[in-house]
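What follows is a set of structures to go through.
Next, two complexes with chain A in common: one pairs it with chain B, the other with chain C.
Up next, the complex of A and B:
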């Protein structure tokens, strides 16, 4: 391995600036007691007098028009208050943009009679109790004029196109370099439709109070949702307030979704509080998912492994009503040097729900293909897979030519290899046996972009010596509330116990959502700026008035002025597997992830993010796959019994740690850690399965039937 | 969810009387399957008769008569019973391979036998299913069927029976006892589940209104040398894609007695009698085990995505019988 600039590995990281010492030390969640005692209330649990309950009715056909919604019999059922559908629902404004551009029309419920997929919202039944609402919703007869549908994804479908939103990246002459390469890997990979199903389903309560629409919602950005609700209902932004104090998981699925729009709509029509909670099955069509991908990777290299040609092409699907691109082909753009580069993701519209951001969108499936292909190239070149990556380490962005803000990939590999015992590895596949199990190890690289978004914060010095921070941050289970408390404590040079962290209230002003691994970095920046200013004002002396002294910040200018650089987190993933080729069972025995992901604010919850991401990758490698039924166009087994993810028994000893890697472009040195743990994990496992069996598994998940039918021995493809 | 009445029975006669001839009433055991089906609307009983408090919670063993298991014995208690562990280890292993600790604490032996298939079409009201709505069709045949039946299925239904416990019971010649308003009755497990044919909605031979009161396993010394192995798509908390209960008595390299039953391959736990016949009196060798598996699987009819179950079951037969042979040699 080549030498690297970074050195020590430790669970503590050096401070970006002199601090009080809270950042970098393990701290339990500040809301932990409230959560484990049940005192923490989630959106579906907040009681209101006069609360009515809405239940969504979803389409059962994949394409067509609603001919009739036979609401009269349902309105006569016990407790039923209203049935809203396209013929009687208030008109919504669909002509707007949100922070991410034109929105997915899934939020514009009941506006027309067209049905674009199975699971499209066609009605809301509101009743006095949730049981009555559900019974009536299930009894509601909706008649359709059905049209032929097409839901089957594959590579090279007729309607596939290159989207403007995800342009290709190109450098050099690919075909010339491929022809000149001594070694070529040309392989196709696929990943299935995958779903993010947070433990807490999407839920919202909406009510009008004093001329304002008050919504308690489970989302990843309450200001984002408030702004979008205001636009949808043509309301003054100041007249909508959304709060999301506790959120039981998001993973990209919790934006403005039909549950909150339906609750707001019903509360407006009925002028009483209305709660809408999605069922697990409804989540499979209403909250987004990861598109399946079909990918082809071509790598051309000199005999010593130096890349001449890099070609990564991916295809994904979207719905017929909105373009969402799972940018799998973009994963490698900052990873490896090569003389020629081409990468492009294409998309095909089908009669299916619109996919969306799901933890590490693009990077998760893209890293499976590319990091598997790298392993195949290492094998063909007779090189160690880590040495191959070191040989192709770029000095600047391979496509952009921009300098890196920091690049500690090789430090991760070095530390990981040492801890995992990689040096003792026999590279030959299929030669280790323990009873009925064949054993193997594998590795893969990971990376994730580092971005910041403008945010605002207010920090108040209270007369009693405490401080109150107000910021529209979201803690979707990540530990963000605690991390921000530590950051505020250090910035104010006080103990964390003196910080009152108030988050997830749209009235606190605009801030980044919990997304893109950007939340904590973006929010911390705003808190840091406001806290610094407050500290300076307090240093002038004088008393604190009863209303306190408040400093506010807005990081728009500072974030906008960030120098253009290649900013990324990096990581090295290692896995050991046992494979029984007579039954097809694959068991992961251990995983190790070493990450260079900026300054680690709270090692306790950070480890949870990394390990959780790695479990996500394990699940992707071996278990997760939604089954879509060609005939009906809908899912089969759309629940947590039918959609398998790793159970506890599948999750072995997983270790995650990090190298010192503070980001010089951030006032606190943060990069973001929510997604990188996923990236590369599935490839490390697939590479280990090859090492165990000698068979390349290029289609996820690596199911027992695939392993069984592929067998073992030789060097074969599955 | 449809509103329903709930009554708790305190004795067997009372339970049978409470249910009566009401086709809209169901016995409620642990509720681990029935309540799920009620939530999803697959089952819509107007009345539940809770039988969990009935005095049928004993497990009794005698060397001459074998094992008698009360119908309300929980799966956890059955698996942990010392006589079951010693004399029918495959039964303990099968029960422990199913569900989770919490579910096993609730689930009863009677309910386990009567649980319904987990076929994704059966559990989804929006889809056709001949088992749920006779005559509506079986979309699994052309659709998602990678974990569906390869033995004994028909064009009308390719669903599998989900129980692990019942696979072990099948290997051990279980007999089901039940009570009706007209008195008690018995059914060998081999006749308990009906062939699929064109009536997949008719699942058992129990008379209408019958209440399962217990399961008897005849004394079988071979059962003490038995094992259960389950292959599934994750390490725990999933239904089998193939499972096997096996018991073997080998003497001087010759198979004196063998029991084999398969799970997740048919609409019922599948007793592999053709394989047993092929093995009995012959050599205990890997070749003979494979040949016996082939004899049983000759009847397999596969669909495009479940053909892997044939080599899977073949491999499981060879692996399990080899392990039992080696164990006997020690």
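Up next, the complex of A and C:
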């Protein structure tokens, strides 16, 4: 990589005088003006001459074989240039692994006649205009030989099994400790199928240019997608370039998905640029979702609340073509000490689309069940829910025995309790009334693992005194582009205005995707290493040549050498709700989240990450639920009216803040903040609903009909 | 109305003239083309976003003759002769509109994809409120009650047609409130480019 061209041949290298300490101060987004003026171009918005428009056709049966794709009448329609399907599509190589192992075969489109679920891609219609492509796609007749299907998820189905990919954790003798416990909670919880629904539907434009496949795509990791496309199409990795400058949300759904494969396939067949954009409805079967869960939690404690037995078992579903496990039972493994521990997630394959990572995968549904059960235990023990958690703080990892790199959970509860006014809380349920509303408050704990993944970065000192950073990072709305700018500025000891942050181009080399709350931590690490080396080279003096001076980093070794510890972010969630038991309405009146999440790089955007996660928790608690029709095997209401997530009117003033969480032994000091806001938020709301009404709601979402049926008063379950 | 004399008019297409952000554009369009697609695909005004294409998310909100409308539910041929304002027409050259400035300063967005629609809706909300229009949460809707206060609750209700999956609602409401305050104290077409300190 060379520096940008300039007319200056040499400049002094002693640039670093100005502002350090960019990290920790609020900065508006570096791409902010582009976003508020509409100038920011997302993947489907880059114009190319001769652009053709692809429209996917999805299966309408849940199981069977394609008997015929009647493409002839469609090819005769105005503007239609191709119909690709399993009989004429180029062969793809499906025998490979990606960074996460064997890939979901959803990306291997049009390779056989089998249909494993409603919404499986069966054809791509390509036409000159979007209107022509859409009409032709809707007119395409596909005939199937149908087979019986089964899409209904419940606990204890015959096909459920314990996956090797998610082993159980075990310690002590669970049954003995349960029998010896003075107080036992044994309760079942469920969470429904939930969908990411980023506001920007998945879009890709693919074209061949100078012997390279160039793809502008909406994804969470351009190098990840480029490598996977190269493998699928058996291309030299150097001959594929993927870019994703602006991404309209991801939440785990934007990996290598059928839109980009279809665009690349059609561009290859037609030798012209092709765009494929998913419709909102298509997203419900093509981009993953959160599996429903059925969970059982058994907690046994002494009368003073000390845990003797901890048992969390979860079941989830997957498709018949790929195993994805929503690891809901693992949430508590680093949370609470107990004499005996058992936790395991099991999975059952059904004739449904393959689920995938969705913001706080495992932690979101798992924390709902466990943090609700803790509240039930506190009630039975006559303890304050925060005191119960304090009583069960572990000194080391409860299952692993490893030391914690830092554990500031109680600091979060202390700060949160003080700000929320928790000390004045009357613990009795169902006793506060304000007009038609019953009022209650609830709390729950959050945690999320702190992981890092190898990444590369290049930092160039330019002759004009600026610095260019190149890294295949991805900003899906997290503020990563801005955060990395601040990190680079501090590492180079210059003002942020002198940093040009270039991201989301697979040509910049391998780097972690925006996922697992690992992105900013992993990318910052690579940028700092490269910046440190660059500063050393600049310190040697001399001029900067026109192409600049570039230092590169690769953190593979350093990440691999990281000492094994229990590394986690923590948080305390608080919610106040109002419940009208005569209409079934639940309103969240306020929420507060206090987090211990390492060094906060940009308070302005970090607050948005935490609060946004808490909005997801609210949405999960009260609104979100996809409905699958048993007879057809497909969704009912697969759109943004049928699938409601929180809108403006649902969301009160939500406050998020953080406590100091230094980790001197950590090479980065930055922890992830993108997912922890979701964790525990739904439980805090459900616990508040119990406090308001006296009814435990163990099945999400807490819909008006569930509230109505449960009524109020007494110690009731719903 | 669509011109009837144009040679480009067929049973499936017409040549129309759209007035967008003060400019005139004459173009042949497929009769099926929505205003949203005409803006994005034909005029390269991609600031107006397509989130659902069926009127459920608000990402494609534009102003039609000063009132907000979801452009995915409007056919391009039906928008002829109307004044269309898109996000690209909101700023005054390099100077951001106070609503845009407030979104920027208060981080009223994350991924940015719903943002043009939120901003166009916010512009209309401020106008609708100033004109005395009540909302579902307005306590007293009698005309003599006057203009209701633009409380956070009022803003939330009035902005609820614009979904944000990142969950940036809290800062969006703050941004709309700040912009509404600033438009109270200025004439409505005064632009502000002042850089305010980013509020925490």
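A few notes on this one:
By definition in this document, the second predicted complex is superposed on the first by the 693 of 718 C-alpha atoms of A that agree within 3 Å, B and C clash if a C-alpha of one lies under 4 Å from a C-alpha of the other, contacts with A are read in each partner's own complex, and residues count from 1 in each chain.
One rule holds in what follows: contacts are C-beta pairs under 8 Å (C-beta built on N, C-alpha and C of every residue); 3 or more make two chains touch, one makes a residue touch a chain.
None of these values were measured; they are calculated from a predicted model.
When the two complexes are overlaid on their common chain A, residue A:60 makes contact with chain B while staying clear of chain C. In the superposition on chain A, A:88 makes contact with neither chain B nor chain C.
After superposition on the shared chain, chain A has more residues touched by C, the comparison being chain B against chain C.
In the superposition on chain A, contact is made by A:614 with chain C only, not with chain B. By the document's definition of touching, of the two partners only chain B reaches A:622; chain C does not. With both structures placed on the common chain, the touch criterion links A:271 to neither chain B nor chain C.
Applying the stated contact rule after C-alpha superposition, one finds that A:131 touches each of chain B and chain C. With both structures placed on the common chain, the touch criterion links A:641 to chain B and to chain C. In the overlay built on the shared chain, the residue A:97 is in contact with neither chain B nor chain C. Within the superposed three-chain model, A:587 lies in touch with chain B and out of touch with chain C [touch as defined at top]. When both complexes are aligned on chain A by C-alpha atoms, chain A residues 131, 135, 641, 645-649 touch chain B in the first and chain C in the second.
Across the interface of their complex, chain A is touched by residues 30, 32-33, 37, 40-41, 44-54, 56-57, 59, 86-88, 90-91, 96, 100-101, 103-105, 107, 109-116, 119, 152, 155-157, 159-160, 162-173, 198-200 of chain C. Within the complex formed with chain B, the chain A residues making contact are 60, 118, 131, 134-135, 138, 436, 582-585, 587, 622-623, 627, 629-632, 634-638, 641-642, 644-650, 703-705, 708-709. Those residues of chain B that touch chain A in the shared complex are 1-3, 41, 118, 120-121, 123-127, 139, 142-144, 146, 231-238, 241-242, 305, 308, 311-312, 315-316, 318-319. Residue ranges on chain A touching chain C, taken from their complex, read 26-29, 31-42, 45, 47, 129-132, 135, 196-201, 246-249, 251, 277, 279-280, 476-479, 603-605, 607-609, 611-616, 619, 639-641, 645-649, 651, 653-654.
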